[in-house]
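To keep things clear, I will list the structure first and then write my remarks on it.
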Amino acid sequence: MNKDRLTSLLTDVQTGKIAIDEALHRLRSLPYDDLKFARLDLHRELRTGFPEVIFCKGKTTEQVARIAAHLAAKTSPVLATKAGPEAYTAVREVCPDAVYHETARIIMIGPPQKKKNTSPILILGAGTADKPIIEEAAVTAEAMGHPVEHLIDVGVAGVHRLLDQREKLYAANVLIVVAGMEGALASVVGGLVDKPVIAVPTSVGYGASFEGLAALLAMLNSCAPGVTVVNIDNGFGAGYYAGMINNLVNKS
Amino acid sequence: MNKDRLTSLLTDVQTGKIAIDEALHRLRSLPYDDLKFARLDLHRELRTGFPEVIFCKGKTTEQVARIAAHLAAKTSPVLATKAGPEAYTAVREVCPDAVYHETARIIMIGPPQKKKNTSPILILGAGTADKPIIEEAAVTAEAMGHPVEHLIDVGVAGVHRLLDQREKLYAANVLIVVAGMEGALASVVGGLVDKPVIAVPTSVGYGASFEGLAALLAMLNSCAPGVTVVNIDNGFGAGYYAGMINNLVNKS
Amino acid sequence: MNKDRLTSLLTDVQTGKIAIDEALHRLRSLPYDDLKFARLDLHRELRTGFPEVIFCKGKTTEQVARIAAHLAAKTSPVLATKAGPEAYTAVREVCPDAVYHETARIIMIGPPQKKKNTSPILILGAGTADKPIIEEAAVTAEAMGHPVEHLIDVGVAGVHRLLDQREKLYAANVLIVVAGMEGALASVVGGLVDKPVIAVPTSVGYGASFEGLAALLAMLNSCAPGVTVVNIDNGFGAGYYAGMINNLVNKS
Amino acid sequence: MNKDRLTSLLTDVQTGKIAIDEALHRLRSLPYDDLKFARLDLHRELRTGFPEVIFCKGKTTEQVARIAAHLAAKTSPVLATKAGPEAYTAVREVCPDAVYHETARIIMIGPPQKKKNTSPILILGAGTADKPIIEEAAVTAEAMGHPVEHLIDVGVAGVHRLLDQREKLYAANVLIVVAGMEGALASVVGGLVDKPVIAVPTSVGYGASFEGLAALLAMLNSCAPGVTVVNIDNGFGAGYYAGMINNLVNKS
Amino acid sequence: MNKDRLTSLLTDVQTGKIAIDEALHRLRSLPYDDLKFARLDLHRELRTGFPEVIFCKGKTTEQVARIAAHLAAKTSPVLATKAGPEAYTAVREVCPDAVYHETARIIMIGPPQKKKNTSPILILGAGTADKPIIEEAAVTAEAMGHPVEHLIDVGVAGVHRLLDQREKLYAANVLIVVAGMEGALASVVGGLVDKPVIAVPTSVGYGASFEGLAALLAMLNSCAPGVTVVNIDNGFGAGYYAGMINNLVNKS
Amino acid sequence: MNKDRLTSLLTDVQTGKIAIDEALHRLRSLPYDDLKFARLDLHRELRTGFPEVIFCKGKTTEQVARIAAHLAAKTSPVLATKAGPEAYTAVREVCPDAVYHETARIIMIGPPQKKKNTSPILILGAGTADKPIIEEAAVTAEAMGHPVEHLIDVGVAGVHRLLDQREKLYAANVLIVVAGMEGALASVVGGLVDKPVIAVPTSVGYGASFEGLAALLAMLNSCAPGVTVVNIDNGFGAGYYAGMINNLVNKS
Amino acid sequence: MNKDRLTSLLTDVQTGKIAIDEALHRLRSLPYDDLKFARLDLHRELRTGFPEVIFCKGKTTEQVARIAAHLAAKTSPVLATKAGPEAYTAVREVCPDAVYHETARIIMIGPPQKKKNTSPILILGAGTADKPIIEEAAVTAEAMGHPVEHLIDVGVAGVHRLLDQREKLYAANVLIVVAGMEGALASVVGGLVDKPVIAVPTSVGYGASFEGLAALLAMLNSCAPGVTVVNIDNGFGAGYYAGMINNLVNKS
Amino acid sequence: MNKDRLTSLLTDVQTGKIAIDEALHRLRSLPYDDLKFARLDLHRELRTGFPEVIFCKGKTTEQVARIAAHLAAKTSPVLATKAGPEAYTAVREVCPDAVYHETARIIMIGPPQKKKNTSPILILGAGTADKPIIEEAAVTAEAMGHPVEHLIDVGVAGVHRLLDQREKLYAANVLIVVAGMEGALASVVGGLVDKPVIAVPTSVGYGASFEGLAALLAMLNSCAPGVTVVNIDNGFGAGYYAGMINNLVNKS
């Protein structure tokens, strides 16, 4: 249930196209649907601009499929993140048009939101191993209708690879920096641009990276201001946040 | 050295108002001034939209004063954060117009940036003890020319205090949530709005808050998307980031 | 050996129904039975109101089965927690009436304790992925004879899902809040009710949730009083504690 | 504003004793008062059975005094926890009847709640150094109208000191265990009684106690069920929770 | 090479039974043998009273077998700890008399050291799941020639199971306490006896036991003196240490 | 109340020297004295061979003095550890013969226990800064009647300083190793001797020593067996444990 | 692209051997090649003296193979570290001369760098289980053209195994110490030599080694100066650093 | 006792200038002097090329002064690190020529070692607040006779400040990078040079810098090889290590 559908429903009531009883029935499921094992927050798009997203970790494939089918019947697009191939198999059975972004581990059902008219979101990735998280951010932002560009493997061990792309950095409205190990890329980028930078620490690394803790702490302590941080490996969260910021620009 | 000053300098050269030698002399200090113990990044405003900010912790009051004087001679406004009263005393001697925001622990020299024409930045604080960090964020955002509103003591122990203010939440372009202890306010706010939320964990609490670690981890794990996080007690960083986002709206 | 059995035994001695020697023999195994690899605390029901519970983690399936058989011969109900399907297979061979609660991972042998005459215990779960722990708490409380209700997926990302159920919250004698990620639900619920809330952090989440540490710390730092905390994923402990509190009401 | 005052107000309206306008005025301040730096949750007693409590850490003495005065004008008793002597001096100036429990570091204004007709809450303290937290719990529970007993210095290094007091343990409705260092007392007590035990880890200890972390982890991992845990040094939280449980018994 | 073998060798030289060249050859391998991938410390028995022990974790089964064969040719008994069944298979091929203690995960080659004439070492285990570590300690101490007794499942959730065995506690020369979860058993035992207690934290538990960290910290903070601690799950280390203490008694 | 006093009391009863009533009166205070804020465990010497020791941290000087006076009236020697000079001043007023070991921060009242007839306890200290903990161990062991020797500043940065003293190492019955920073001395000593080594990590160091954590972890992971560990800076615990081991030798 | 190739290219231009267009084409790929998923830093050898190294963890085998093939076409030697056998299989298909160092888990393509004329790099390993990291360091240093020697299993539990090799220690220009568990070997070696020591903590150990944290902290706190530390299990980093130091000697 | 003094002594013996008895007397104090509370390692200069250095933390000023006087009588230069002004006052009384480097907190007695004939050691500091550690490194390296240059405040928030100084970076033999907060400077520098980089994390920062932990972890996880790490705030260790490397170049 999003603004457009709601407006159209109310117009239909006003013009007598549909009876009040019917309208009530359609609205009845507000504000959420109770599947017993899940309480689907159908209001969320109205409140926050994007439908509820399914976080697959810890859910059975059957639960994922049932939630996906239920949401897909009422809203679009439906995203399921951190989804393995078995989850996709289960979802495709109930939503045949579901698409699987394998590297990003995202299942997407339905078309993306309306294309936004803005500068691109730029995603910078420190290394090749960060690719799954980079793509998770990209698929998310694209589902929200935003143009996305990426620069992969521009880590600070060869800072010229980054400085060479300065024009792309300057052109972006908002930047996402994905990096594991010491996460230094976020600070360097933060010092170069006048746009908000969203830092995503990844669990890439070993030993004293402690599954991403090193990058997380580094990014939180960025000596350059203009950097905020999301959870380790949370590409979705970064893509979503970039989309929210870019929405602000689109609207005005 | 900001865009306006630079444009005006180049115009003066073009129109012959000032000689090339004189212009060279004025530009000479680019891109930074080396005070031996500090390398002032005068380019920063050009690159990132705001002059270099002095982080006082770990610097002697003499160093703070010398850097402040040097920066104030070339740019405005100059902010010095995490500044104690002695630092202010030292700065005021060299910059008599310096103002001290005592609760925020910020010294400010020179007028704020040009007033932005945007919706306000809304700062929500979970408790009274978070006030110093709330004010640090507010003073920073105001120095960047942004309108700021705050709601203090709207922590989730009485969630009606927050829900009552829903209209203010909906009216803001960007929101800052400042909370210590369990930091739950960030998730609740993130679930109510469609605008970016910046979460600031504070060191308010005791025992297993581990100086803000509990709130930090909670905010990083927000079940509501649309929330990013800055360092513990980093009110400045949050105010600055909110300002950057709001700048995007102002420009368009 | 519980109070009822003990009273009946002593009455039989008093009335001469059984000889003293026989009574001695039956009491001989008090206060515990030594299986060499385990020392079964048969006194526990007398002391704490519920028989010893088998914690399966780290025990071989053979050990679980032998302990279960031994306990089931003398007391009821017997619970085995954190039990995998293989453990159930082994137990069923020696206790054919054993029931397996698969999601809760609990094996139960024998009927639950006598139905208590009280208001229900209300279990709130933040998300679908918390279901195994929610059910572990529910099965435990039900084994103690308590009425149980649950509300699943009422996490704070859509706080209206919770506020809608306020009447259920007010009706409960004691509440259990199960949540992973940032665990904020515990504080919000704690601020709404005048009854004890037991918070169970779960390991649901990733990255900086550090296997439930984020939720644990958040719950320990709840800004709302009236919240206590059990170990991460300890649904059994929460159900048991809720039962103990509810027993107090039942008795009076 | 508690239930009694509200009922009396409505009765006065009903009987015409006070005009509707006057009643509205008196209710106007619901649900909270905004002091700008604090938002006093006057509804809390209605919702949770006890007025809002002032947590002094991080607040200036002036803020504490102003909040205390404001609350004391509308409700009773008012508690201010983790309060130093300077806070007390400031409060006494605006609330001359304020009493200071020095060891407990609690300021109390107004009489305690109505005496509850229940068994006592028993507070067990492992060592003499835990006394401030023991008293914080005791003062809190007494302010709620509950009878309280304590046993101090019954740590497990001399377990006979505890076993000697078994009758007291059996007589209590609810038990609070306060212990630092290895916090073993909670498990031992939990294994002896059939009533809920609230464990309070304290920061008493040194070295690898890591300011109470050792006791906290130990208590969370209690091998005896029937134990829940509050934050390190949170005597208030334990006393409050014990009071909530005891309220259940009183009411029935 | 132990004292007995060395004495006998020197005696043979003295009495002319073997030529000096032959003796030199036999002594040549002192103080260690270099297998390239390992440097066998054949002196160790002379220095510390027990031959070098093979720690299998991280070694290939081939390396374990080669080291075992080499050591077994020169000394006895040879122990290999933390050994899986594949390691045993490999060792048995080169040392057909190797015995595998499956629960203890120890391979032993050759007879134990000479029986010591002392009181027994008493090993107390908190729960059944601690059995592998209990047996690791027992096998080790027995290999050193010491009499060993154990009491399993005497955890503090039923402290009477422990107090019942007080006579056994008083009879022991040295005690080993093996416990996971909150590790409280060590403190309780430490408060009951006047003999040294060696505490072994185990990784038994879940959630906030953090793989044994909770028990480790608890044991280090024991409020009863007379307790020292070894690494998590280090049954071997505890058995060995108990043997060293008991050796002191045997000698005098 | 120790064995000697108890035997003498019972003999006096047997021989009619004192009346049964009088004996009862003298025994009445068993097993502990309740000072309200402390429960003095007078049985402890009987049970564990040494009177209860006062741990001063967290106690007021008044409490320390009252406990000390009470204990000193009934047993000897009385030790108060981690005691500051003010505590000593307070104790001396009630126990004029109290002696203060300033570096060790121990107050001692009454003569040490009977001289034991054994080899010395050898205390090795890695550096000069470890001296307070070394002396705490030494004073404790001496109070138990044991001969003590120390070698200070034999850290592994100059391993020859240690190897030079090998004879002293071999001559000791039990060794205490006190070290901060990386705590490597424990492993090196453990590899040289066939006697039990007690390792005391100290908080000497900075940065990543994390107040002694580095040394603690290192000692727990000693590659040489024969090493157990006590809490950080717990010189008392080490001295006490060494005394317990040495007692075993003395007795036989 | 290294110095030699670049010089030769420019000479060919100077002498007219190749046309400027052709030279431009060959230089075109500077400073990096963009494979979309990776940005190969072909400048790195020029800047830092060694070609970019492929860190395999987190990369798909296909990515590793494509990067390896691309790099091998332009530079030599190419190293791929932390490489499993499947990665090797994939690389061999595109680079048939690739060699797999199985224990070191390094794939190497092309001949090592020119043999350096220096004293050897000495690698000391505390135990046999450290062998994979020791070999990783050795293969790396050898790829850089350095002579390497190693001493394995010289841990401090038998310090004579180390002292016996003192001459080798004195002969080395730079030393690498590889150790898990308590990592004490680094401090002992650091105290014996006047050459730089590079310490590599390994994840060998269990329990409170916390996957190498114990050794890492110990090495960072070495009481002997002259020791620096790399990441846990980072044999490559140590070998590379030793090579850099040894290069300094070679050049002069 | 260094090589020169030893050679000269032996020559004097050879030439009869001093009697053997006298020489013995002078050598008698080898290898260390036992001050009871300290064991001065006079051999250290012979073994490691630099005299023992006094680490002041945890030592009394009297101990520092006595050790300083003792060492100064036999060797030069004597360094005392982490020394407060009171320590200096005490030392100056016994060593009037002692010099105090206030910012570096180092006391130095006697002239530095012979000037080395090498390229300079370059010390880069990320911020002004890192100055004390930068100077600690500089004073140490200069005491060893090395030329030192520094670049302060070249943190990555303005990476052009660093890139501008590329020539200085290329000219150095060895580089020290001192940085707090996120410590990113080490990785960026490591990617630019072909010389060894020593990274010193500092405790500059707040909140989630956790007293330098963030910078430490970041530096250990540097994506650029060629970086090793010393303890947090260990400027001395870095300066010393740089000196050792530079010594290698000087010698050849």
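For clarity, chains are labelled A, B, C, D, E, F, G and H in written order, and residue numbers in each chain start from 1.
Everything below uses one rule, namely that a contact is a pair of C-beta atoms (placed from the backbone, for glycine too) under 8 Å apart; a residue touches a chain by one contact, two chains touch by 3 or more.
Note that this is a predicted model, so its numbers are computed, not measured.
*Asks:* Show me the overlap between the contact partners of subunit E and those of subunit G.
*Replies:* Chains touching both subunit E and subunit G: F.
*Asks:* Using the contact definition stated above, find the chains touching both subunit B and subunit G.
*Replies:* Common contact partners of subunit B and subunit G, which must touch each of the two, are A, H.
*Asks:* Between D-E and F-H, flag the pair that has more C-beta pairs in contact.
*Replies:* D-E
*Asks:* Using Cα averages as centroids, what's the distance between subunit C and subunit G in whole Å?
*Replies:* Inter-chain centre distance comes to 54 Å.
*Asks:* With chain centres taken as the means of their Cα atoms, state the distance from subunit D to subunit G in Å.
*Replies:* Centres of subunit D and subunit G (C-alpha means) sit 60 Å apart.
*Asks:* How many Å are there between the centre of subunit G and the centre of subunit H, using C-alpha atoms for each centre?
*Replies:* The computed centroid separation for subunit G versus subunit H comes out at 27 Å.
*Asks:* Can you work out the whole-Å distance between the CA centroids of subunit A and subunit H?
*Replies:* Centre separation, subunit A to subunit H: 50 Å.
*Asks:* What residues in subunit B touch two or more of the other chains?
*Replies:* Residues 44, 47, 127, 157-158, 191-192, 205, 207-209, 213, 216, 220-221, 224, 231-232 of subunit B touch two or more partner chains.
*Asks:* Can you identify all of the chain pairs that touch?
*Replies:* A-B, A-C, A-G, A-H, B-C, B-D, B-H, C-D, C-E, D-E, D-F, E-F, E-G, F-G, F-H, G-H
*Asks:* Can you check the complex and tell me which residues of subunit C touch subunit A?
*Replies:* 127-131, 151-154, 157-158, 160-161, 164, 180, 204-209
*Asks:* For a test of understanding, state which residues of subunit B touch subunit H in their complex under the given definition.
*Replies:* Answer in residue numbers: 31-32, 36-41, 43-44, 47, 52, 55, 57-59, 63, 67, 82, 201, 203, 211-213, 216, 231-234.
*Asks:* Considering only the defined contacts, which subunit F positions touch subunit G in the complex?
*Replies:* 126-127, 155-159, 163, 181-184, 186-188, 190-192, 205, 207-210, 213-215, 217-224
*Asks:* Quick one: in the complex, what on subunit B touches subunit A?
*Replies:* 44, 47-50, 53, 173-174, 191-196, 198, 216, 220-221, 224-232, 236-238, 240-241, 244-245, 247-249, 252
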